[in-house]
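Each of the next two complexes has chain A plus one other chain: chain B in the first, chain C in the second.
For the complex of A and B:
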């Protein structure tokens, strides 16, 4: 049996868990290749046009995978922290895929509540039962996968350059180099180091969100706000770059809250969609870096 | 304290009754208008959804009329609405207009004590005792229920009326007269009177009008300004419309939510396509579409603001429902740039299409 894992959305954050879990169950794995033009085109072709770029790209990954596997994993990640959500589109992701892409293989679309080990195990049991009947094997695969995920460290923390910027946004915008057009590399070439939210401890985020009237109920909004607010208050960086996909409902709120918090601190918002041209993005990034450089002098 | 609240369909009438009953001054923002929307879009973040922008316009116009406190329900669901209050507070601080906010959140999120504290900020201004206050609240809820009933009936009878335009006229004068009363008891009497009048509208039972269900995002379907008065237009065409999401439905749904007994019928019908709640009213929207098909409607129109996250999910499910059940569903996206002519053309074309399907004109040719 071959299980397909699309390399989109939160794959970058949670792939050690998913790949190790299925590996341990003894199935063959196919992961779609890095996002590229063809995948984007497939995604735009199938997905409804109101959705945001990362969701469209996820559709593309599923479309190229569907003929290469017997079961496809479409993670319906409902919650990764208690009382917080990710985005309504994540909760309905399998439905969006099922109803727009024809001739799909079987799908693993059980809801994932990842805020406790016990809750996550419920998913593992359901997903595992589609592959094997051996409960002990599922359990040991699950334990191993969680262990691997805990060991995994994602993110950038490069303070060696002359300038440092905080790269803020949803993980899939920051770690998919096709979506953000290799921004980390570009910045490095300009002599700018990048740090990301993964290197901020959780309790520090809690400290920052106390500035808000209401606790944010989106996990990644909470992280982005907490991170931006922290680096601003402690003056850890020279500027903040926010990568946001067009029509993202969550970003439209978080960006406003961040702006409110940081006042005149340098902030560049890069809006991306399927039509974004690389030249325009380069110009804006270069101009921003020039501006930060002048501030140094 | 002069309280105001953003517009949502006919809620302002019930709110007026509530605050008349409590003896607190209530400022109705001017009916939604272009100026309010323009002002709202000027001060709002560009990618924010339409309801937010219209609300900002409401507040600004209400402040001009002397309001100093905004009353706003909240939520902590995955939909953006839950964050409105905070962003609006920031906005008014930034543009230097003095206005207080009272946000009514569900006790599960802020704690029952905090909720009472917030409610107390309103009720301590009332000269009436606790029982009197509660009575006014019940009366306001009753008014909302009757209003929704009247509206539903008028939308239904518009397809059967003998003198065309009668239902619409009655509906409009009903709202006008209800607003002119100055205590809840009188208002209930006026509304009951209009309910009877609607029962006596001359109808032609032999007619078989087109029936359309209006589904989608709750604000944009309830607030007629945001959907360019689509229900009124359909009334003019002699089309029967039905909208299940009403303010009184919302009150009931919100109160029942902790027990998970809310809108069972919609959930049951949505199950085949979307078994889980995804925030906002995405699941309800699917349920309504399926239910509309079961109840013999000709088609459904989905309306939602640009970028509305839950409705995008339901929109991507609709093609399957349409195909499997042979049931036309049209999705209309509204934002501050929506032009009326384009909107009307699409609605008219949709009605034409439904008519033709009935008469089988296409297969005859």
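For the complex of A and C:
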């Protein structure tokens, strides 16, 4: 049996768990390629028009995988922290895909509540039973996958350059280099190192969100705000770059909250959508770096 | 010694020649019309006819087409539009605190404090209110773009036009026209709408302090300038060379780089007679499938653009 895993959305954050889990179950795995033009085109083709770019791209990954596997993982991620949620598009992702992409293989779309090991195991039992009847095997695969995920460290923490910026935004915008047009590489070329939220202790984020009048509902909103607020308060960076998908509702709130928090501290918002021309992004990034470096004269 | 600045924008390509004292001795404004290479060459032809024997000590390129222009002419400085505009404004007046810049497809606000850029913003995904949109409306109303602003000044009452989106604005204008409103009032309404849109989007949350400079092609439009003055309650200064400020700024930066390096990379005005060709192809070496543009001068390959990995564009520098 071949299991397909689309390399989109939260793949970057949680792939050690998913790939190891299915590997340990003894199936053959096929992961889609890094996002590219064909995947973008397929995604835009199939996906409903008003979804954000990362969701469209996820559709593209599914479309290029569908004929290469017998069963495909479309993670319906509901929660990764207690009392917080993920963007609603994740809850309905399987439906969005089922209703737009024809001739799909079988789908693993059981809801994922990843805020505790026990809850996540519920998913593993359900998903695993689509592949094997051997409960012990599912259990040991799950344990192994969780261990591998815990070992995994994602993100950037480069303080070796002349300038340092905090790169903020949803993980798929930060780590999919097709979406963000290789921003980390671009910044490095300009003498700027990047740090990301993964290197901030979780309890420090809690400390920051106390500034808000209400605990954030969305996990990624919490992380983005907490991270931006922390680097600002502790003066860890020269500026903040926020990568935001066009039409993202969560971003529209978080960006305003961050602005309110950091006042005049340098902040660049990069809106990304389907365009592949890089001139607009380059201009903004370059000008921002000029400004941070006071490179005028 | 003279210094050359080239600003290849979406709508216009501007060239300026500065003398030793950073005074503009020549400015050339050409419509890009989708052919940046031809536009630069046309500009060079004009320069060559007039100034064939002068010595050029440094050149700079800016605008969204700055990379292709830089390869073409051998630029000493390649800078983004924001830095270039700021440099030019500060050269004219150290007291400038705010720059409103509206070009063909971009609109920007640049906040300057103590002679350095302290904040800036550009329009994000929508080009409503930029030059291209005004151009199109002028064409639709059958008014020469040069007279567009004067129409607005002749109006006593603005008709309210939706300004958030170019498509909404256009349909709103058409509906008001069909109801028989005066053209001048509609145009004034449009100017107000564009300014409202600019201040609510690009200028949102920015502290707009005097002196305020208004630059870019749209600054020629008196209707928009007046609408800004009404909305902000401040005097708006349109500098003499408002439409070539980016080119002036980058000429200054080109001079600085060339002086530091002790030489210029400038390839000379003869470029006007070269034959340029550009071919694009899809690179199939990896899954990115970049659309690469290859630039050829007189059968000699001089540069590539558009690749993500740098494999093609880096090859240029070796040549």
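Worth a mention:
As a convention for this text, the second predicted complex is superposed on the first by the 293 of 297 C-alpha atoms of A that agree within 3 Å, B and C clash if a C-alpha of one lies under 4 Å from a C-alpha of the other, contacts with A are read in each partner's own complex, and residues count from 1 in each chain.
Heads up, the rule we're going with is that a contact is a pair of C-beta atoms (placed from the backbone, for glycine too) under 8 Å apart; a residue touches a chain by one contact, two chains touch by 3 or more.
Note that this is a predicted model, so its numbers are computed, not measured.
Partners chain B and chain C, once the complexes are superposed on chain A, both fit on it without clashing.
Rounded in steps of 10, the angle chain B-chain A-chain C defined by Cα centres in the superposition reads 80°. When the two structures are aligned on the shared chain, A:182 is found in touch with chain C, with no touch to chain B.
Looking at the shared chain after the overlay, A:37 reaches chain C, while chain B stays out of its contact range. Touch criterion met: A:89 reaches chain B, while chain C stays clear of it. When the shared chain is aligned, chain B comes close enough to touch A:257, but chain C does not.
When the two complexes are overlaid on their common chain A, residue A:282 makes contact with chain C while staying clear of chain B. Within the superposed three-chain model, A:290 lies in touch with chain C and out of touch with chain B [touch as defined at top]. Once the two complexes are laid over each other on the shared chain, residue contacts for A:273 go to chain C alone; chain B is not touched.
Following the chain A superposition, chain B and chain C show a smallest Cα-Cα distance of 5 angstrom. Counting contacts as defined above, chain A residues 246 meet chain B in one complex and chain C in the other. By the touch criterion given at the top, residues 33-34, 36-38, 178, 181-182, 246, 259, 264, 266, 269, 271, 273, 276, 279-280, 282-284, 286-288, 290-291, 294-297 of chain A touch chain C in their complex.
Contact residues on chain A toward chain B in their complex (touch as defined above): 47-48, 50-51, 76, 78, 83, 85-89, 91-92, 95-96, 98-100, 111, 212-214, 216-218, 246-253, 255-257, 260. Here chain B touches chain A in the complex through residues 45-49, 74, 76-80, 82-83, 85-87, 89-90, 94, 103, 105, 109, 273-274, 276-280, 282, 306-310, 312-317, 319-320, 333, going by the rule given at the top. Those residues of chain C that touch chain A in the complex are listed here as 64-65, 67, 79-83, 86-87, 90, 115-120, 122, 124-125, 205, 287-289, 291, 308.
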